[in-house]
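Per-chain residue numbering starts at 1, and chain names A, B, C, D and E are given in the order in which the chains are listed.
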Amino acid sequence: MKSTKFSELSQEQVDRKWWEIGDFFRRNSLWMLMYCTGCCAIELPPAMTSAYDMERLGMGPMATPRQADILLVSGYLSLKTLRRLIYTYEQMSEPKYVVGLGSCTINGGIYHDSHAVINQLDQYVPVDVYVAGCMPNTEAVMNGFVDLMDAIKHKTANGWKKYRDNYDWYRQNQIASLGEVEVHDEFHE
Amino acid sequence: MMNSTNNALEVITLVESKYNVVKTEHISKYQVAFEVIREDIHSMLNFLKNSGWKQLSYLSAIDWPEEDKMELVYIVFNWDKGVHIQIRSKIDRENPEMDSILPIFPGCKYYEREAHEFFGIVFHGNPDSMKQLILEGWDDIPPLRKDFDPRAYSEAHFPQREYTETFIELNQQESKQEKRAARQAHIDEVRKGGKK
Amino acid sequence: MASIELLLIIALASGFLAYLLGRVNRVYGAIVTIVSSMFVFSSLAYFGFTDSLDTTVSILPYVTFQVTYLGMFFAVMITFIYAMVSFFNPMFIKDYKYPGAYSMLYILSMAGVIGVFFTDNFMVMFFFFEFIVWTSMFLIPLGHSRKAAVSYYAFSAVGSFALLFAIFMMREAAGSFGINAGLAAISGTNAIVVFILLIVSAFAKLGAFPLHTWLPIAHGNAPHPFSPVLSGALVKLGAFVAVMALIKITPNSYVIVALDLPLAQYLVAIFAGLSIVFGTLMAIRQDDAKKLLAYSSMSHGGYILLAFSLGSSIGLSGGFYHIVTHALATGAAFLAIAAVGRQTGTTKMSELGGVIQKMPVTYVVYLIAIISMAGIPPMGGFISKWLIFQAVIDKGLILLAAAVFFGSIGSFLYVFRPLAALFLGQEKPQFKGILKEAPVIMLIPMIVLSGMNLVTGIFPNIFLQFINKVIVELGMAPVVLGTYTIQGTNGILDPLQITIAFGIGVVIAFIIFILLKKSKQVGLMDTYTAGNFIYSEELMHYSVDFYAPIERLYEKHTTHVQDMYKSLENKVKEFGNVVKYFFFTNKPEITVFWILIIIGALLWGDLL
Amino acid sequence: MQELKLFLGPQHPGMHGNASVHMFVEGDIIKRSYLLPGMLHRGFEKGMERHTWLNNIGLIPRVCVVEPDINEMCFAQGVETLLGIEVPERAHWIRMIILELARLSIHMMAYGGIGGPTGLYTLMYHAHADRNDILNIFEKITGHRVYHMYIVPGGVRKDLPVGIEKDIHQFLDSLESRYAEYRDLGIDNPTVRARTVDTIMLPESVVWELGVTGIGMRSAVGKEYDVRKVMPYARYDQVEFTVPTNTYSDANNRIDCKLQEILQSISIIRQCLAKMPEGPVRVPLGRGQSMRWTVPKGYAYSVVESSRGEFGYFMVSNGGTHPYRVGVRGASYPQGLLGIEKYLPGTRIDDAALWVDTMGVCSPEIDR
Amino acid sequence: MMLSMLYGVGIAFFGFVLHTSVAGINRKISGRLQKRYGPKWYQEFLDIFKLLSKRATSHGWIFDFGVIMALGGIIATAMFIPVTNNFLAFPDFDNFFIFAYLIAVGMLGMAMSASGSGNPLASIGVMRALTTMLAYDIPYMVVIVTIIKLTGTSSISGLALYQQAAGNNWFIVALPLGAIVAVLALMAGLGKKPFETYIAPAEIASGPLVEYGGKQLGMLFIMMEITHFIEVSLFVNLFLGGAENIFIFLVKYFAVYTALSLISNVYARFKIDQVVLFFYKWPLLIAIVQGFIAIYLGWVI
């Protein structure tokens, strides 16, 4: 039988144990950012409120990116939104997860040929869970969240690490599509 | 309000008596369209506003590259009469310019700004009309012109998802019969109560 | 043995020395102020606490001295503030038009303080009183505002004349100018009149409602290093007069049975309550940090008056202790603001922001000062406010208790505002790169004052034991003190215990903080903006109209008192014009005629 | 600089939808403000030009997310006007049921939505619970909860399922029985009244200046300026209903109008279910392959009363298989852009979210 | 001394566990009121520990120092709380004014840290919090002054014992007007609607908390739980006669907190100046009337 004496564990193992304990808390208390980027956000109120009651999974809407764990990309992303989404994503505190709702985040969906809407979200920010559909049912949205919890449990939801490690690649893609990520114009003195 | 048919006809006689209309259309009992020359638009809108068409419902443009024209559309509405009036006028496409109707309908401010953004029409007298409204950092021709191709723009700017060949092959390998058999097996298993 | 007379003469002499040296090099004069005030303070404190002050007089004519605990309490505390503030003089002396005069007047006004508190003669006291008023009056316009000096002098004159009349009435009753004799001899209706006159004088000096309008004008416009002296030290002269009136004179007025308080004291208490509320409300809406602190002085002056007027020994000790803690706190706060004012050139909160990034020590000094001012443990302000609360509750004064609590909670509001608007937030672009921490010589007094704030909060009994001596001298029972505890009327306070508890709490919080994952450092512009981009620091810093919602509720009613004085001023001006019209016309013979009449009336008027 | 810049949206709990109100604030009073739209811009008008007339059915519901049926109706009407065809009688009535159910849904959502800015979350939860029943009914009728693609040019996609009347009646009865409770919890709640009465005014002159329509206009002007009354489409001229109006348009009265419209919609749906004739529900628009159907040359402006006012499609056909140009007039365009620029200044930041909410600003239809 | 300090830390920890559980249960109860299932009862613990496990962002040393000062001050305050007649760390030293002012250290720390984040919304939130405090504290303090004047002691445990000795004549019955004011002030102190002006997500995006995430937010949550524990147990001791044993305390505590959160569920939020006007109109008047009646006329039920 393996000894569980604390002193015999290496620093790495201790860290992993702590991380697993942290994962338990993280997956049971996922706070999502209240950012309705697109039309799939219309299925979120039923998910949040009485009909499906997201709070029983420990999830709740949060006001600011600093407090939130999940960035919910609800649907298509116009260029203008994508800039703000990246800015918001970088403000979130780690570990952070991204859930892409709707087919627009996967391949552009019905707006695949639009001049204003991007086609593939994971070129710009790493996505942990996709929920397909246009728009996905509330059940599908809830299922996506459960999938995310499973992914956290199995340590596969590490998009934030990917973003940190491959920051240059993501940045390059962002600049290629957006020109400048943080705009200076008359709206932003 | 039930006599709207008469209202529409009244409008036609009213306008035609006063202005030299290029073309009149009686679209439905609630809708009338006039095509006028560009110089008449201001006085006509003013006249209609004083006659009760107090609300500017819509302002936009249509691009006609074959004729090399840009067509401006003003839609005004009278809530008492219940008649929409379209006023259309064609202007030059290469150098589209128009005087703003801001003094007549203050509500046109953002419509004109948007028309500038999407068609490149310059409205003189509208202070903010040259600023960007909806797009941000736009670097191409105005997008609602007919010669703009959004697909080409999208392909140039946004990477498309590449579905790898293996993915497609895998699907092809799995024929429909196999799939059906697998599904049947699954159903049987569920019926037996083995798997959920 | 040290002679008070000697100290006084040393002070006066060093004043002139400072002037002469100041003519040579302005900084030398300022250094004389440091040396002189430190010398005066330390000898007063040392010889005072060892009971070895000599009162014999050999050189100065007509001047006699006595050593009382009351006088010594005030003198030591005020000279301490003088000594601390004098460290600021060398850094500010460059800005003044008349640097030699500044140094001289600074020391002379301190000399006046010695005279006021150690004399036993009313006339000498009045002389030194006026001496302080005149010297400080010439100091104030060095901050480039003559209006401030006029306003200060006008209100001081009201106080001085009220005091003078009271002195003459007491002379009438006692037959001499002796302070103790005069106060003892007064009785009957005269006592009521003298009481009112002395209270008016005290109100004018303390800046209590309704004689408060000079406070923000004078404090706000005085030279940066002189404001702490004005607010922390000189204003307390009023408290001295108030003690004479409220404790030593007891006019036989109607006693309110339910409150167990004489009517006269109760009226003073009500005015004190009004000054607390009014000072708080006005401080909340100031934009200039110095004016804000000036109004807070008004509110705290109300606390002191209220404590004295309750007439119980716990109230008295609370009042005396509040004098100490307020002097230390407001001195430190004013010095911190002065340091900011020197480094940036302004003390307006709407023009500043993010000063903490370059001036952290100043920030900590200000923080400790405001914790004390707001009456939060473990600083001294908590102890004195606690004592005052005990006294107020003991009397069961509901409305005054409401006023006291209003002032206390309100002080959180107004002291927090400079903290947030001036020190915290984004650094303004115009100060980027040029802002530095204040020089070491300025940090010394600030740190000393902060330390004193802490000591007064943790070991208040050191001071309260001395205050007990003062109270006994005034004829009251002393407050019961343990080793570390203070026994109030309805509870015991152990400041050391609270401090240890607070320390343990902070240690626990710190351990939790340090055990957890290290945070990522981000800049102050990288904040939540609802997803929008913003690049201008000025648009991100919330400093204008900080308490707009609550200000809106009373902003229409803030100028009534000012309007009253304004109309009074206009009346005086009109009267002056009338006089000018009659007496000083272009025709000299009329003027000569009037002068002759007046001379005649003065010479032979009594005969008629 | 004396001003402070605050933002309401896009990522802000007080903002519904993805738009940003930039506010320059002094103290807590807004001095200048403007809306930064375009974060939901998808190039709809361009996209419609690139789809055939029938393919557009899939695209149009997505113009305005909260109220997709209005778009379908608007588009269908426009195409029918251009083609000059008449829709079967039963289709009209089914359309009315769908439209009024959609109106109920959006009004419930908007009424619950005032729970957000005012902090009355219980109201929000209750309203959303009832709205979910409407979505379930939609799912039974159309197969989808939100984007129904049910009202198509030429009628409706298919007939109502058997027995749906019972469900609808059941839902309407339960909603009607809870109406008084909603009033008590919402606009008659003293704390809500403290927030809404006599604030966020919309005087009549402003209505005409901006061109505000819908509840905002009716609550200020006091006349039944409703597209359903003024120029009745479908069979609105054959049902009896009143349009709630007022002459003093503060936030409370606007919400009140919204609540009264819920009752009217319930009554309309009941009348429709009673009066609905049997028959076909759809006519074909042309012959042959549906992707090659063409629409004759012409211009048409088709209008529908949405929950926020006059919602219009301006459609141009050059006789081809694709629309030549489709312009969308969002109902909240005037108050959303010009209203925020001109009339939000002067209010307080406490009221900004409520301003946007009770004026009925919907960002997707502004951006398109 | 050291032993009672440790005892005090134990009380603070007890308060944290107790209030976090009670708040979790109350979230479930509110959930049922809102027609939904509600979270797990221990959800608050999960939230706090999750926050503590995250990697936060910091806006400079004042941002961190304020949080430490806030939590430290609140722990220090909670150490003085008498839970029952015997379960208390410092008998005789649990002076009411210590709570009134030591709690302000925590508030000041949080306010400072929030303003130090450089976000204007945080400063506005702090401004609102301070203004709300100015509004509700005055009437509340007047009621407390009345009680202290009547009983002659300001020790919280002493006041509880006084009520028990008078045959469980609780002040909520004896001073009914004052009790109404105290309940309103308690609601404001706990940040319950309609007085929840300073969090106000829809207006200022959760106010002072706007820039916090990770461990700082977790520590502030702990601080808030303990603050609520202090305020509710002060109410229990002052107006509900304290508790002879821990079960009575738990019952009273749960009843008070649940009643308040149920009431707050059906109210919308006031604007900040409405809060000030509200408290200075009726509650202040009622409190003063109650004071006069009780002190000068001696009418105590």
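Operating definition for what follows: a contact is a pair of C-beta atoms (placed from the backbone, for glycine too) under 8 Å apart; a residue touches a chain by one contact, two chains touch by 3 or more.
Nothing here was measured: the structure is a model prediction, and the numbers come from that model.
Trainee: Under the document's definition of touching, what chains do subunit A and subunit E have as common neighbours?
Mentor: Touching subunit A as well as subunit E, we find C, D.
Trainee: Among all other chains, pick the one whose mean CA position is farthest from the mean CA position of subunit C.
Mentor: That would be chain B.
Trainee: Which chains are joined by the largest number of contacting C-beta pairs?
Mentor: Going pair by pair, the biggest contact count turns up for C-E.
Trainee: Relative to the centroid of every protein C-alpha atom displayed, which chain's own C-alpha centroid is closest?
Mentor: Ranked by how close its C-alpha centre lies to the overall one, first comes E.
Trainee: Any idea how many Å lie between the Cα centroids of subunit C and subunit E?
Mentor: One centre to the other, that is 35 Å.
Trainee: Indicate the whole-number Å distance between the mean C-alpha point of subunit B and the mean C-alpha point of subunit E.
Mentor: Chain centroid spacing, subunit B to subunit E, equals 57 Å.
Trainee: Can you compute the centre-to-centre distance for subunit B and subunit D, using the mean CA position of each chain? Integer Å is fine.
Mentor: 18
Trainee: Send over the residues of subunit E in touch with two or more other chains.
Mentor: 34-36, 53-57, 120-121, 124, 201, 205-206, 210-211, 214, 271-272, in rising order.
Trainee: Among the residues of subunit A, which are close enough to touch at least two other chains?
Mentor: Expected reply: 35, 49-50, 63-66, 80, 83-84, 88, 91, 93, 113-117, 183, 187, 189.
Trainee: By residue number and range, which residues of subunit C touch two or more other chains?
Mentor: 520, 526, 528, 530-532, 534, 536, 539-542, 546, 549
Trainee: What are the touching chain pairs in this one?
Mentor: After working through each pair, the chains in contact turn out to be A-B, A-C, A-D, A-E, B-D, C-D, C-E, D-E.
Trainee: Can you list the subunit C residues touching subunit D in their complex?
Mentor: 350, 529-532, 534, 536, 538-542, 544-546, 548-549, 551
Trainee: Tell me, which parts of subunit A touch subunit B in their complex?
Mentor: 79-80, 83, 106-108, 112-120, 123, 173, 176-180, 183, 185-186
Trainee: In the complex formed with subunit E, which residues of subunit C make contact?
Mentor: Residues 258, 354, 356-357, 360, 363, 367, 371, 374-377, 382, 385-386, 389, 392-394, 396, 398-399, 401-402, 405-406, 409-410, 412-413, 416, 419-420, 424-426, 488-494, 497-498, 500-502, 504-510, 512-513, 516-528, 530, 540-542, 546-547, 549-550, 552-553.
Trainee: Per the contact definition, I'd like the list of subunit A residues that touch subunit E in the complex.
Mentor: Against subunit E, the touching part of subunit A is residues 21-22, 25-26, 28-29, 31, 49-50, 53, 55-56, 58, 62-69, 91-95.
Trainee: Okay, in this complex, where on subunit A does subunit D touch?
Mentor: 33-39, 41-43, 45-46, 49-51, 61, 63-65, 76, 78, 80-81, 84, 88, 110-111, 113-117, 134-135, 137-138, 187, 189
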